[in-house]
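Each of the two complexes below includes chain A, the first together with chain B, the second together with chain C.
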Partner chain A sequence: MKKTALICLIMVAFASAAAAGQAREIMEKVDNRNDGQTVIAHVSLTTFRYMTQNGKTRAMEQARIKRMTFVKKDEGPREKDHKSVSILREPKSEQGIGFLQYDYEEVGKETDQWMYLSALGKVKRIVAGNDNEPKTGSYFGSEFNYEDMEAYNLDDFTYTLLGPETYRDTDCWVIEAVPVLRKAKKSNYSRQILWIDKDRDMILKAVLFNRNGKKTKIIMSGNIETLDGILVPRKIVVDNVESRRRTVLLYETIVLNRPVDDEFLRVRTLTDKGYRERKLQEFKDLK
Partner chain B sequence: MVMRGLVCLLICLNVVGVCHDVSAGMYDEEEGAFETVSALNSDHRFWDDVRLTLSHVYAYGTSESGAIANRSSLRYEFDTTFFKRFSLRLDGRSSLYWKQDHQAGVDDTNALAQNDLRECYIQAGFDAVSFKAGKQVVVWGETDGDVINDVISPRDEREFVFTNLEDARLGQPMVSMDLYSPWGDVFVFVTLDPKVNETPAPGTRYFRGPAGIRVENEKPDTSDQESGIKWKKIFHQFDLSVMAARLRQNTGVLVYDHSDTYKKKYPSYWFYGMGARYATGSLLFTLDASLKRHYQLQTVDISGRYAGSECLMTDNALGVEYDAGGRYTLNAELTHRHIVNDQDDLAGVKQDTDGLFIQYRRLFLNDTLTCQYRFYHQFQEGHTIHNGELDYLFSDHIRVIMDYTFFRERNQRSYYWTYRNDDRISCEIRYYF
Partner chain C sequence: METWMNNLNHWFEQLPGLLRRHRFSVVMLFVLITVGLGAGAGRIVIDNSLESFFRDNDPVKKSYDHFKTVFGGDEYIYIVYKAKDGDIFSEASLGALKGVYDELTQYRLGDISSEPSPLDHIVEIKSLINIKPIEARGDALYSGCLIGDNLPGTSTQREQLREKALKHPDFPYVFLSPDCRYGGVLLRTDFNSELAGTEPEGLSREAGGGDIDDHDDLAEPLGFESWDGKVLTPDFKKTAMDEYPLLISALRTILKKNTYSGVLEFHPVGKPVLMDFFADAVMNDMGRIMGWVLLLILGMLVVLFRSLSAVVWPLVLIFVTLVWVCGIIGWSGVPMSIMFQIIVFLILAVGVADAVHFLSGYLYIRNTGLCHVAALDRVMKQSGMACFLTSLTTAVGLFALALVPVKPIAVFGLFSAIGVMTAFVLTLVFIPLMLDVWSPYSSKGKRHVRVIQGLVGHAVKTVTGKPGWVIAVFAVLCAFFVNGLVKIRIDSDDIDVLKKGLPLRESYEMVNEYLGGSGTMEIALDFKTADALKDPLVLNHMEALQDYLINHAGSRVVKTQSVVNVVKESNKALHNGDDHFNTIPQEPDVLAQTLFLFENANPADRRRLVTDDYAQARIGIHSKNLSSVSALAFKDQVEHYIELHFKPLETRYPGFSVTLTGHMALLAAMLDYISWSQIKSFGLTLIVISLILFVVFGNAKAGLIAVIPNVFPIVTTFGIMGYLDIPLDMDTLLIAPVIIGLAVDDTIHFLTHYKLAMDQCTTLHAAVTHSLNEAGHAICFTSLILASGFSMFVLSFHNGLSHFGILSAAAILTACIADLYLLPALCVLVHLNFDKGGGIEHRASAPLTRDFQA
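And then the complex of A and B:
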């Protein structure tokens, strides 16, 4: 009896290890999927509180809409360092506010962030936050927080394959990602369940659990198009199931892999509108 | 009545202007959330370059009760590019001061109109360099509590301390150049007709000029031109800037001229400054340090008349800002001014002055409500200002700002003693379109 139990335990352990190995392999494919070295886009963020009645979801308030220009470039030997700039175009009350961010793959190297406050005419450096506490601030007042917008680092999580599932008529792998201790200390989430498109190596849905283990957000990718041979979700929806608020991120226009010089991803782009618009004119054929 | 009418107008405009047609699918359940994205036009439109802000401010004195401010204004900002390398920026405001407003009270009129052009310049931009010519605002310095390195643009002090810093800076005609290089960014400017701080006019609420004397403003001459240079570089988590300039004082000094007449002079001085920022974890350290040579301070001569005394002084500020993971920010700054000259030369002026500035800021309601508390204490004078502010973004177009400021003065000899009863509460409604 004891021997049978031991064999079962060993088999379960091997199966778990194999599932973890397979899950990691799937996630590596997701991580290595070509998503373009540069992104130049006009993005809208629509946020509203909602209620569900008779199976239909209805907005409870006037949606708040922010429109921005977003430029991102991957850098570094593995193209895992990221530089990005976001400039708000709407609403008028926040027009011209800009955000410049440098993310680094190197563990322990803090993110550099600057914010341009157009009303004050001043660029402020923003702190990256403590390693031991999560950053809760929202991204331009939306349901995305800064952690949701950060570059995904594969080594920040351990993965378990939960099995196959059909989601939105697509064959998916369902994987659980649990942050390693280093990440867990500063993450808003205790675990994530991910639905990965088997054929396209793309995360279609993520369910995020807060630090108390309660389901807090669902992030979904949709309107997937192929642009210059690269798969792009044109619409990303984040549903905060706790606050019953939803944000829809929409790539209104987007181009990939256009050359963006390093000079553009500097503080000057935040403050010098003439320079910024001239450079953006070079990408006038946004589609 | 005017206030009520404006509120109705804002609400009407909001109904018309804010009803965006949100694409179908956004309100649906998960399965229906990805219906076809509506075609959206990203072409550049004229109105993208324009921002108009209609606002009304009402302020009420809480110590000496009564209306202080009752004014409406339209701010117009236009920022566009043309001929590929050129851009034009305009920023002006037309204001109407209604009868209860202390600015209109001087002339005892029903409404006093005023137009201000804050910025108006043309920019020519190239890859590594850009030139600007026209009326510009220049912001220097890293700290917010006191004027250490932010000495280029004069300020609007007609409302004493009650004008937000973002509105207080005034433009002045200048030619400037920005040069961008891997060794740092360089900014150079020349101002042919430097402007000075705008101070409260006689008869307005915050005017505190000496009684029984006539004051004439000295006109600038060609020797009062301003010029300066700033170098700035970013080193990963550390930003460093170094500045030097020949400037005309933004704050005037009264100097006896003849009989009962004084001249208000704005002498030129040399300015050398350094600013730094360092971010680590949740902390942001800021430093501003400056040396001002031949700077004149208001003193009294042996006959008891106002005079200006030239001095060498250092102005410094050290700040630390704590960001509690996005929940709130707390900023504390210590400022110190030291006058190197002998005390004997500077009657009525303290050789060392220290200040403490604290700012606490917290966002609520999905970042639509900002609560802010600011505190400033000047140690030697025993002078304290408390300010609380609620800033609510009612919609994408409407912002409501409520503000309460009160003074605690302990020293009867302090300049601010005469303002001890000027506590006030104010409400501002802004409509952006």
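And then the complex of A and C:
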């Protein structure tokens, strides 16, 4: 009897190890999926509060829309460092506000960020400090925070395969990702559950749990299109289930893999409107 | 009426026989009910928070609730800490603070179990460790934590840190005292502020399914239906009462660790702490006070009856009544306040009084030579009606309180009225059965309580001898106390009610003395136009108001917080920390972009200050603790200022509104309610009781006379309060209706006997003498029980309850004196003869009957 129990235990242990290994493999595939070396896009961010009454969910206020131009380029040996520039076009009072951001794959290397406030004509480097604290900032006042927008570092998490599931008529793997201690200390989330499209190696949905273990956000990818052979979710929805606010990020126009000068990803792009608009003219055929 | 009363008398007389025939079924039925109700007694919850005092549909409460739906819940725990070495910036103090902070923020690190922890309710922590000043250094904006992970290693670094914290406009008085001996940690909880209703519960870790998005149509622009223009208000989950003690206990476990408590002395305050304190303190207090009351009752019963059964049976009755009433309260799910103690006491007192009346009546009749069965039938007939009437009048007095708009008072009125009637019913049913089983009768005969007997004798002599003098003395006393009554101060203070020396009170005193104060008020501004808060004109007005709040004469405001504070801080940071730019930018675009910086850096903080559409904002006010009166004066002052100075905004934002809400606004509203409730409940009780007396005695004169000795104790008590400067507050407010309900019992007993005596006696004096001798002893005895019971409340931790107890005791004794002297004197003076003894003359009485039988 004892022997059988022992064998069962060993089998369970092996199965778990195998599931963890398989989960990691799946995540590597997701990580390695080609998402283009550069992105040039016009993006809208629509944010609103919602509520559910009698089983029906609806917006409970007029949605606020921000529109921006977004340019991103992958760099580094594994193309895992990112440089991006975002310039607000709407609303009028915030027109011209811009962010320049450098994200690094290297563990512990902090993001570099510059902000340009057009009404003041000032560029400021934003230093968040190297604290073991979750980042509080939001991406242009939306429900996305900077952590949601950061590059995903595979080694920041341990993975467990929870099993297969059909989500939105798509065969998915459901994987739980738990941050390793180093990451957990500065993350807003204590764990995530991911729905990964088996065929396209793409995260279709992520449920995020806050540091108190409560479900806080759901991030969904939709309107998936293939552009120049690359899969692009043109709509990303983040649902803050705690505050009942939702932001819909929509790529209104987007082109991939166009060459972008390193020069464009510098502070000058924020401050010199003429230069910036001239350069953007080169990508007129945004789809 | 007479027939109805006769029928009822007859029914009471028949009752023992009926019960005897069905005793097994009756006992079984009552045992079953007792067990069933008893199971609910454990469900009683205590909520003594200021918010719980208001009914849900109260406009003041609704306005506060609305504020919370717009800007989020406000149930904070504020942990004040005192550095034992006198410096919160010492190495040891900072180390301990960091330790506590880490424990509170990282308790789930490495633990991803779905097991809930009480600490999950803490959704945000702010302390010197993680508050984030925006700083400018060269072209960089720093928004890191004040201390963060790396504690300063040298004293120079610590001094720099101290300077930085003290210089910040918003940190002193919240996170540190100016002398750096005290610090504060702010914990925001999700109590009563979690949005209700949309999330399917029970998402398992494995499945993660069942999310709302599963039915979303991502092809739709927003994922689901757009806004249809209707204003919708979200609901919040109501926090279960037992969540508070769980969180506080988890918190205390951390704070008590030697590593921290050896260095810092912690004093948590805030609503969750108060809730936890009251949940515990009320029950402990009650156990102690009721223990003494029971002991007292026990002693009195022994003195009065000197029979074991006469002690055991009333105690059993009280116990069963308590189980019933606690069960009814528990099953009803209605939260109790501190007044729960008074309900329990009233049940004890009234239960004993009922039992004493039946037992003494029974013994009196047995001593006249009647057998057990006949004596029982007779006492049921005589005392049944009297007890029914006294219970009814007491219940009516109490029930009048149910109409008061202050929730705990209404709840108290309702359940104590139920309790009083339950005590009566149980006494009525069980006393005959109990006496059948074990009777206290002993052939040894009569008992005397000399002091009481002496008092009654003196009353008889005085009243019959000098009724005019008696009335004159009472009139003078009345005038004296009316003079005190007009001086009475109406006020309510929820910290002052805690007795000095209690750790919680000391904590609050610390907050008021060294930090930002425990009084809070909110000013909610709604401009009804999107982006109004991006208008410099609006922010200028808010700034002027905030300046006024702090700087006006006699201000007790220590801190104000609004979007203005962050705008000024951000503007200064954007101009390289230049103090000249600690201002509101006057160009709209610059202001909008300064706000953008804040929103981007901390959207959660922004939401608590200004709405997403920038149409509504709030100004949070921290002041030294204020009582109701000062809160009301302050509120009026602020409203006056707004009316005068916010006029220019009307043209640009027609229909904009400014609402004052929050703790102080609730306190101010209490003031109105207390004075209004007092008049309403007291007046109503008086009218209803007069009506009952009129109906019972069938005589308007009797009804009117009966009211006078019951008003006298109230005037006396309030007069004493006026002279001693004891405020009329939530607790002392109860004195009038409770006392009148209880005191009128003695009046009824006297008048009942007096009315019967009128049939037997030839003179008014004889009737008065006879009835005083018959009823005087019981009147004195029950008054003594009640007064000494009430005085036990002096042991309470709660000043309000102590005042209530002492003053009620005084009122009961005064009522007793008034019933012994004033009432008979009035009867004599106005020739109250119930239209029976037309021939009765007002002349010297028959010899007094001295052998009063208990």
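The rule is short, and it goes like this: the second predicted complex is superposed on the first by the 282 of 287 C-alpha atoms of A that agree within 3 Å, B and C clash if a C-alpha of one lies under 4 Å from a C-alpha of the other, contacts with A are read in each partner's own complex, and residues count from 1 in each chain.
Keep this in mind: contacts are C-beta pairs under 8 Å (C-beta built on N, C-alpha and C of every residue); 3 or more make two chains touch, one makes a residue touch a chain.
Keep in mind the model is a prediction, meaning the values are calculated, not measured.
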Look at A:V85 in the shared chain and tell me whether it touches chain B only, chain C only, both, or neither; answer first, second, both or neither. neither
Now for A:L249: first (chain B), second (chain C), both, or neither, which partner does it touch? neither
Determine, under the contact definition given at the top, whether A:M68 touches first (chain B), second (chain C), both, or neither. neither
Tell me which partner A:H42 touches in the superposition: chain B (first), chain C (second), both or neither. first
Is A:V232 in contact with chain B, with chain C, with both, or with neither (first, second, both, neither)? neither
Per the contact definition in the header, classify A:E110: touching chain B only (first), chain C only (second), both, or neither. first
Of the two partner chains, chain B (first) and chain C (second), which one does A:I218 touch, if any: first, second, both, or neither? both
Based on the superposed arrangement, let me know which partner A:E133 touches: chain B (first), chain C (second), both, or neither? both
Is A:D272 touching anything from chain B or chain C once the two structures are fitted on A? First, second, both or neither. first
Dual-contact residues of chain A (chain B, chain C) 46-48, 50, 52, 56-59, 62-64, 93, 119-120, 122, 125-131, 133, 136-138, 140-141, 145, 168, 218, 220, 222-223, 235, 237, 239, 245-246, 248, 250
If we count contacts the way the header does, which residues on chain B are in touch with chain A in the complex? 18-20, 22-23, 26-31, 33-34, 36-37, 40, 42, 48, 51-53, 79, 81, 84-87, 89, 123, 125, 127-128, 130, 137, 139, 165-166, 169, 178, 180, 185, 234, 236-237, 239, 277, 279-284, 321, 323-327, 363, 366-368, 393, 395-397, 399, 430, 432-433
List the residues on chain A that touch chain B in their complex, please. 42, 44, 46-48, 50, 52, 55-59, 62-65, 89-93, 95-96, 110, 112, 119-122, 125-131, 133-138, 140-141, 145-146, 168, 218, 220, 222-223, 234-235, 237, 239, 245-246, 248, 250, 252-253, 263, 266-268, 272-275, 277-278, 281, 286
Please output the residues of chain A touching chain C within their complex, sorted ascending. 46-53, 56-64, 93-94, 97, 115, 117-120, 122-133, 136-141, 145, 162-163, 165, 167-168, 174, 176, 178, 181, 184-185, 190-191, 193, 205, 207, 211-215, 218, 220, 222-223, 235, 237, 239, 241-246, 248, 250
The answer for chain C against chain A in the complex is residues 105-106, 108-110, 112-114, 116-117, 119-123, 130, 132, 136, 139-145, 148-149, 194-195, 197-199, 203, 205-209, 211-214, 216, 218-219, 221-228, 232, 234, 530-531, 534, 574, 587-590, 592-594, 596-597, 599-604, 607, 612-613
